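Following this line, the structures themselves.
Next come two complexes, and both contain subunit A; in the first it sits with subunit B, in the second with subunit C.
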Partner chain A sequence: MEVELKEMLDELETLKRSLPDPSHYTTIDKLRLHVEHLTNLAKSAPVRRSKVKDMSAEVVDSNPYSRLMALQRMGIVENYERIREFSVAIVGIGGVGSVAAEMLTRCGIGRLLLYDYDKVELANMNRLFFRPEQVGMTKTDAAVQTLSEINPDVVLESYTLNITTVQGFETFMKSLTNKSFCPSKEGSGVDLVLSCVDNYEARMVVNQACNELNQTWMESGVSEDAVSGHIQLLIPGETACFACAPPLVVASGVDERTLKREGVCAASLPTTMGVVAGLLVQNTLKFLLKFGYVSPYLGYNSLKDFFPTMEMKPNPQCSNVACLERQKEYILAKPARDAAAKAKMEADASSTTECPLHDDNEWNISVVDDSVPDRKDARSSDALPEGLIHELPSADEFQKLPASEASATATDDLEDLRRQLEALNG
Partner chain B sequence: MEVELKEMLDELETLKRSLPDPSHYTTIDKLRLHVEHLTNLAKSAPVRRSKVKDMSAEVVDSNPYSRLMALQRMGIVENYERIREFSVAIVGIGGVGSVAAEMLTRCGIGRLLLYDYDKVELANMNRLFFRPEQVGMTKTDAAVQTLSEINPDVVLESYTLNITTVQGFETFMKSLTNKSFCPSKEGSGVDLVLSCVDNYEARMVVNQACNELNQTWMESGVSEDAVSGHIQLLIPGETACFACAPPLVVASGVDERTLKREGVCAASLPTTMGVVAGLLVQNTLKFLLKFGYVSPYLGYNSLKDFFPTMEMKPNPQCSNVACLERQKEYILAKPARDAAAKAKMEADASSTTECPLHDDNEWNISVVDDSVPDRKDARSSDALPEGLIHELPSADEFQKLPASEASATATDDLEDLRRQLEALNG
Partner chain C sequence: MEGWDPNTKTTLTQIPLLSTKAGPRDGAAWTQRLKEEYKSLIAYTQMNKSKDNDWFRISAANPEGTRWTGKCWYVHNLLKYEFDLQFDIPVTYPSTAPEIELPELDGKTHKMYRGGKICLTVHFKPLWAKNCPRFGIAHALCLGLAPWLAAEVPILVDSGMIKHKDDAASSSES
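Right after this comes the complex of A and B.
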């Protein structure tokens, strides 16, 4: 736009100079003022931030990564910058998927693959992320627009397709196995698949793809009444797959679309979906950056603020053939897994015994042996500054007190007491 | 902008007509093409949605409230549209406050009061809501810009001030007591105050204001290592106030700013802050729209996915004078409270006994008395279609079986068995 306005200014100048009659100059000057005004308007329009080469921990207002790199200083994450190597695929860019995508983008994830075939509608405005001016755009296009403005460092791949169609599934599989972003990576081309879809058919398709590719993924969902949700980690062969214990609708082979009634829509809330997206991406960060406990299943019941957890082993009678293959492989690899775990444990044990705890820490905290308490110090802390007294007796004095009182009454003369009683009665 | 471009077109037309020499027409036509192109660009720029008078439950793509009004149909909320009557004040428009504001805006809250004195920085981009092009704007201005685009139905009031200054506190108190939005409302001018600040000093100020105004509020916080957070409900006189059990830094009177070190910044994550904002606004919705359980305290430990809860009674030795006054009032009002609770319980009990359960429900579910099981029906279900047999005996047959076997062995001749044994040995 600014280039175009500059051209217009030049053209006006040329026109002015070629005109013989100065009577036309006023109109041309007016036009030039208009162009100049529009140029100023264009200049004040949003400017995108430039790409950042390395994530810096420097504490300056202009560093978009300072608060993330601080996770290393706080001892939460060992190497935060590794996040730039990871690829995450998000299937379904709705109320949960779009917020998950925004969170990962703001965290500086390396690459995001986004899948959806739907368009943005005004009816989506009760959830976070999409804006009314994006109505009519595909969700993938709208997401790429917003996410690239937020963080130009993230590589965004957008797939406007339905993964439940034959062609959609082919493209889905192909995109997941493309390793050009990080050729040295083992396994498929992505580190994690997040399922953020709203129907079982699509979940079964993600399940099929991940079982075939031996791809770890996380599932998420929100109830139709908008007040519950869950996230789940699925590792082919190691945990239950989505078909190992399918929902009744899936198991009974009913087409779930026939269950929906005309003119009835599911409720949804930005709160429940925001919480589920937050729990999902938090689990993703813990999984990728190796910190904390990666939850195998975490539910959210918002009416009672109850968060159920559970673990599900794979079903040896699972109907999914690829799942059974992964289960077999997982069992066969047990000796190798045990040996690796043992070696790691030994390595950890030897490294911790060798180096001293908190040798030189920035807070200058040192560990002092407190097994022999310094009695003298404890006593001296009892001594109060001049002019102050203890309001209550010390523990020792308290123990003595009843004893001295008891001995005092014992020395009282019983005869003396009887005399006093008689005097009162008399 | 479009008006200006229209003017330019007219001016170019006038100029063209006044020029004697057609050699200048080419340049003028070129200019006109430029203006037409710019007009098209301007037309494709975002158009804001118009205001909505009533919240409709109609299921059409263009209804921004259909998914929220569905909460009534799902039986979660009795009257969702009441949300338009409520005013919520949010103090601190940072990582939690901005997301809380967006959630309430998308839920169609009546009025939002936003307080912050800070400016948007690139270092804030690791949390949701603010965009890089808003860097340099005040957080309140940037929030109003985004929120009014998302939902023009919400009345937004923005206060760019520091509530911990004398003047800031005065304006804060005045704004909270302004009842022009809903003059019939009891109490202060807002229904709830949400504290989303990042320091104790500001929390103590919100506490002071709410204790003085007898204003229910909710507190929120995220730890410096970015992996924990909490929300808390504070009802003056009824629950502990923030000064009833103050954090050590507050109790010891240390200026918390002296604890922060040069060049060291707290870590933060969009996930933790998103979850805390989600839990906070969910609790807000439950409180305002009267559904589910309003949590008095809910913690979030993301490393372990642990969500601690607790309740705190007010401290009779609280250092806050206004808190002590509210505590006294609360105790004095106990008989009235008990009477109201009793009356409500009786009213509920009589209403439930009078009207039939699910008299006419849209799912056509009817309750049948099953206290006398139909034995004949139970028997007939035992009868199998022709050609099929029960693989296992029925319960009755199973009971009989061991008895008949026992009687059979009793009739066996012992002499006969001995003969058989001898024959085997022989």
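Right after this comes the complex of A and C.
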């Protein structure tokens, strides 16, 4: 802008000189004053920082990455700059997703893919990130506006669509498999998918896509009373998928009214959402940059400040077909995994001097691999001591409904059926 | 099914159940499912007509049968209130139920999600999940939309949020 204003000043000067009639000089001088005033205004306007080619660890005020690169010097992260190679997809740019996107942007993530179909509303202002002047914009556009100002180095892709529709899902899958950002990457085009949606249907769709693509993802959620939340890591085939366990209301048969209050309007707090977004992105950074322990599940109960953790194995009777396929692949890949683990252990052992942990072993205690359930044991445990019974029935096959004979005899042409319904509609 | 009126229960038992577990991305299996959907919708509509309880019109808006549009109505104080009705079949169908929309009522009641999606979380979603894949579109209308209309339309009318079309016309003329 400043350059253009300077050119305008020069042009005014040439114009003034070329005019034979001095009567226009005062008008031109006035114009020049206006342009000079504008130049001063442009100078005081906020400047956008330019892109940075390499992340530097140099400690100067003008380096946006100095504090992040210090993680290497502190011995936390081995190679922080790798973060620029990673792509993360965030589904749902609401109270959690938008904050997670800002955190990853400030961390200098390589590429962010943002999915949402909603618009920014004034009712969203009790949460972080979006500003009142963005009301009416799509959440994806508003997010791109803010994020590109915060860090122009991040490649931002925004998708304004509903992933639960057939068409939206196709675009969603295509965008996840696009590898143009990092062609050498194995698997899909993204390193991690973060689900920050607010409903069961959308979570099931993310689950479906990730199971089909064998894509690791993390799920997040905040309870509708706004005082608890959770994050969960889902590795297809290795951990439980989102469909492996049915929702509580279905599994337990409890009265739904005890779980859900009347009305749709859910409560929300910027604090709980900020905490959950923080937990989610912290787990993401640990997963991508390979430091610390990546939590398979972490709950947050704000009323008691209780943070439960647990692990969930996949359900061999999961209703999701893609999940069962991934489970089969995971079991087949066990020998390779064991060999890799053994090689790593040997490499570690050779680097450290070998010495027995204990000199004697009076009770013949040995360590056994408990990562795989012992099938034989599981069966023998069915026999219970006298007086004890299993509380739950053993798993049974899904009862197949007897094929109705009526359907076999009745018409079976789709077009015909459609016409029949239309006739009734008429 | 406790808490449901006996009328709805008897109606429900007469709607044919479905058996194919297939969604819109499952090719031939989806066509089979679509046939079952049509059969149960035809049976339900015929039943409603025979009982003089006709209350909706629905038809597929595309050849794939993934989008459905129509009308539904509810009679309150002898006046008929009619609304446009639409929904998409989600990619994870039938594991997840269709999200039924009444776009005209968007923003008029808090028992609704954005875009006019009626709230089915409490009274319908658990039932749907327990009966997957046997429930279809007809069951969603019978157990999801019908009770919602019965609960919400009287409140919307009494609070003045919606007006009967004759009233609206006469009040705009005066």
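Miscellaneous remarks
One rule holds for everything that comes next: the second predicted complex is superposed on the first by the 293 of 426 C-alpha atoms of A that agree within 3 Å, B and C clash if a C-alpha of one lies under 4 Å from a C-alpha of the other, contacts with A are read in each partner's own complex, and residues count from 1 in each chain.
By our rule, contacts are C-beta pairs under 8 Å (C-beta built on N, C-alpha and C of every residue); 3 or more make two chains touch, one makes a residue touch a chain.
Treat the numbers as computed from the prediction; the structure is a model and nothing was measured.
Using the contact criterion defined above for the overlaid structures, shared-chain residue A:169 touches subunit C, although it does not reach subunit B.
Shared-chain residue A:208: touches subunit C; no touch with subunit B.
Subunit A is touched at more residues by one of its partners, and among subunit B and subunit C that partner is B. Of the two partner chains, subunit B is the only one that A:279 touches; subunit C does not reach it. Using the contact criterion defined above for the overlaid structures, shared-chain residue A:309 touches subunit B, although it does not reach subunit C. The residues of subunit A shared by its contacts with subunit B and with subunit C are 263-265. Interface residues of subunit B facing subunit A in the complex, by the touch rule stated above, are 1, 4-5, 7-8, 11-12, 14-15, 18-19, 21, 23-24, 27-28, 30-31, 34-35, 37-38, 41, 46-49, 59-68, 70-71, 73-76, 99, 102-103, 106-108, 121-123, 125-128, 131-133, 135, 149-151, 224-227, 263-272, 274-275, 277-279, 281-283, 285-286, 291-293, 295, 298, 302-305, 307, 309. By the touch criterion given at the top, residues 118, 163-166, 169, 200-201, 204-205, 207-208, 243, 246-247, 249-250, 256-257, 260, 263-265, 319-320, 401, 403-404, 406-407, 410, 412, 414, 417-418, 420-422, 424-425 of subunit A touch subunit C in their complex. Of all residues in subunit C, only 16-17, 19, 24-25, 31, 34-36, 38-39, 41-42, 45-46, 49, 57-60, 64, 66, 70, 88-92, 95-97, 99, 110-114, 119, 121-123, 125-126, 129-130, 132, 134 touch subunit A in the complex they form.
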